[in-house]
Amino acid sequence: MAKLYFRYGAVGSAKTLNLLAVAHQYERQGKRVLVLKPAFDTRFSAVEVVSRAGLHRSADRVLADGEVPPSHIAADADCVLVDEAQFLTEPQVEALRDWTRALGVPVICYGLRADFRSRLFEGSLRLLELADSIEEIKTTCAWCNRKATQNLKYVDGRASIDGPSRQLGAEERYQAVCYRHYREQLDAARDAGEKSADGLGASVAPGGARV
Amino acid sequence: MAKLYFRYGAVGSAKTLNLLAVAHQYERQGKRVLVLKPAFDTRFSAVEVVSRAGLHRSADRVLADGEVPPSHIAADADCVLVDEAQFLTEPQVEALRDWTRALGVPVICYGLRADFRSRLFEGSLRLLELADSIEEIKTTCAWCNRKATQNLKYVDGRASIDGPSRQLGAEERYQAVCYRHYREQLDAARDAGEKSADGLGASVAPGGARV
Amino acid sequence: MAKLYFRYGAVGSAKTLNLLAVAHQYERQGKRVLVLKPAFDTRFSAVEVVSRAGLHRSADRVLADGEVPPSHIAADADCVLVDEAQFLTEPQVEALRDWTRALGVPVICYGLRADFRSRLFEGSLRLLELADSIEEIKTTCAWCNRKATQNLKYVDGRASIDGPSRQLGAEERYQAVCYRHYREQLDAARDAGEKSADGLGASVAPGGARV
Amino acid sequence: MAKLYFRYGAVGSAKTLNLLAVAHQYERQGKRVLVLKPAFDTRFSAVEVVSRAGLHRSADRVLADGEVPPSHIAADADCVLVDEAQFLTEPQVEALRDWTRALGVPVICYGLRADFRSRLFEGSLRLLELADSIEEIKTTCAWCNRKATQNLKYVDGRASIDGPSRQLGAEERYQAVCYRHYREQLDAARDAGEKSADGLGASVAPGGARV
């Protein structure tokens, strides 16, 4: 049985660059990789896996939302790499988990841990339940030099926890921050009167990030 | 700001022994620890924190199910240690997260990742969303020498995913296993006709551990 | 091929307690462990593996200084555990490395990284060269709440880098400290006039811990 | 006090790409980095930091062999990044260690752990003694899918442990391999009669990689 990995990191932590580096290493050794990507993320391109630092390659397969990929597409692979794995559905994660057992192929998933409300994504949650190895890809807080653990969303220059969680993507609207600055930015936005009935003002409890 | 740690491991991975070792280290350095424990777990004792290897000490506070602990109880502590943290509620985890920011005290939570259905506990889920550091405490599979990642429940000697998830505890009924043996044991139990209307027979999909 | 692990930590980081916990886990699963210990360390007992927190067991074999253990003693073991591994000799580490390949048995070595001069021990050095997995067992600084990385030696209540490195042991004479306090304590001792011709006064450069 | 990191990995493990990704992240947040490089490594370029995957940037300072860099060059930096850190000298590592204390700037060193003889480099050794955090950058074995831990040197297509350790560089002459294949390749080369008086034939002991 091979291993299922979940390598998580905040926005801008070079997850995709790490994926591309691993693909590059395998291929330089004459091995084959299969690069997957959920269809949702069309941030930069529907079929490209693109790092902010400039490297990119084509995804071998873009997974449609309801699609459970058949195992035969991984039959020849020495390693399966998944970009934006937070957008995987439960059945997709379970299929990948099964590949490691049935095919003996390692599967390495790169993705965000939680959304801007500090809530796990569907794919992240199932990966945290099933992965053999949970590894962090680090980056620093946009406001200080501590490690970033949260993703802060900005709307019109103000921190916000409104809106759907699956809009994630555009670089100018999200920042990797530490928990202190996550709380401070959201508290400041609330104090500034940025309130909405179903959003920030009503729902942030003093002691937590619950919505 | 101090850090919030989640140190997870399968059943029998010496999580409590690790907690007791950390408490011992702090106290030998003349520092104070605060040891907390959710009220649910009455496995060995209501107020004792007990490791299978034999060490034990009293919990400084047993948290009732709905109780959000007031921060003043941690005001003098150099470190807060939480046993069986999977049984924490969301507001309890959020309170601990806030202590690290408001009091500057590190909080180290020890607990299971997922239940015998491979589903996160309420406390584990919130810790995986909010922790600064996610660390694994390892143990080996009861059936082989791979690392254990899942908790398998046995009822009358047969693997099962029936019953409530918060019954966890008695050593004779749970085993730490790798994913391969988790699936194999559950598949074998199902093939042996161990089916129930709302339980195993109806709900384990071939490719996953969903119930 | 099984893996060779080096789990290092500063003095008082519960390395031995971790070793005993792993032994306990294997044996509770009906597996066999082989516990080794270099002969040098007679701190608590020549043949006992003793943790400060109170647990202990007999070493299955005490390795004499020049002895390269024959592989047949590990032939039945599911895991080999080595206490005080910093005192291993190079040929001993190489023999253990070979067991993982020839016998397929994992070998987990627990030990200090560096001595009170911040210099690797013979065993630690070879383990850092050959181990498949290098893992840290953490403890906090005796002087603050940062992680301890160095071992500070006290002679007559004053920090010192004099004397042989293989005298390590007695709890009252060593402290786990962070690098800042390691430097500050040694600088203060030097300023207090605690100088010796071949020792501290002459040899601590401002920018390093070189002796 | 900031931290000193040693991020080690075998040849071709994308250490430099990781360095460039971290530099990119800091700069995108409006922070400043200082990129250093020992003068020895002229593999691709004397003043460029170049990853095999294609990214590159100029080193801010190339450290001559005997040069201990003055701290003022890091006074404005939010982070110091060092490429090919195995080639640092002891005083250089100690100076970087001191910067973390005196300037409060984190220093992240990327480099090889050991040479093709499985012996630590001067820089790696001192970093393993002094670093606050030792982290692995992984790659797979050129011969199988296990993790690579050793660097194997090929001369005229045959594995070899002859020659100086500081010739490291040309991609076609080094391979990242697991310990099993490191031993097997060297044993096969020896059996093939590739012997030299001061090199492989005379010096590889059966149980280790000692030269």
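All chains are identified by letter, namely A, B, C and D, in their written order; residue positions are counted from 1 within each chain.
The definition used in the following text is that contacts are C-beta pairs under 8 Å (C-beta built on N, C-alpha and C of every residue); 3 or more make two chains touch, one makes a residue touch a chain.
These figures come from a predicted structure and were not determined experimentally.
Using the contact threshold fixed earlier, the set of chains in contact with both subunit A and subunit D is empty. We define each chain's centre as the mean of its Cα atoms; on that basis subunit A and subunit C are separated by 39 Å. Work out the mean CA point of subunit B and of subunit C, and you get 30 Å between them.
Distance between subunit A and subunit B, defined via averaged C-alpha coordinates, is recorded as 25 Å. Among the residues of subunit D, none is in touch with two or more other chains.
Working note: touching chain pairs come out as A-B, A-D, B-C, C-D.
By the touch rule above, subunit C contacts subunit B in their complex via residues 2, 12-14, 17-18, 20-22, 24-26, 28-29, 31, 52-55, 78-79, 106, 139-140, 142, 145. Only residues 1, 4, 68, 90-91, 93-95, 97-98, 100-101, 113-114, 118-120, 125, 128-132, 134, 136, 146-147, 149, 178-180, 183, 205-210 of subunit A touch subunit B when the two sit together in their complex.
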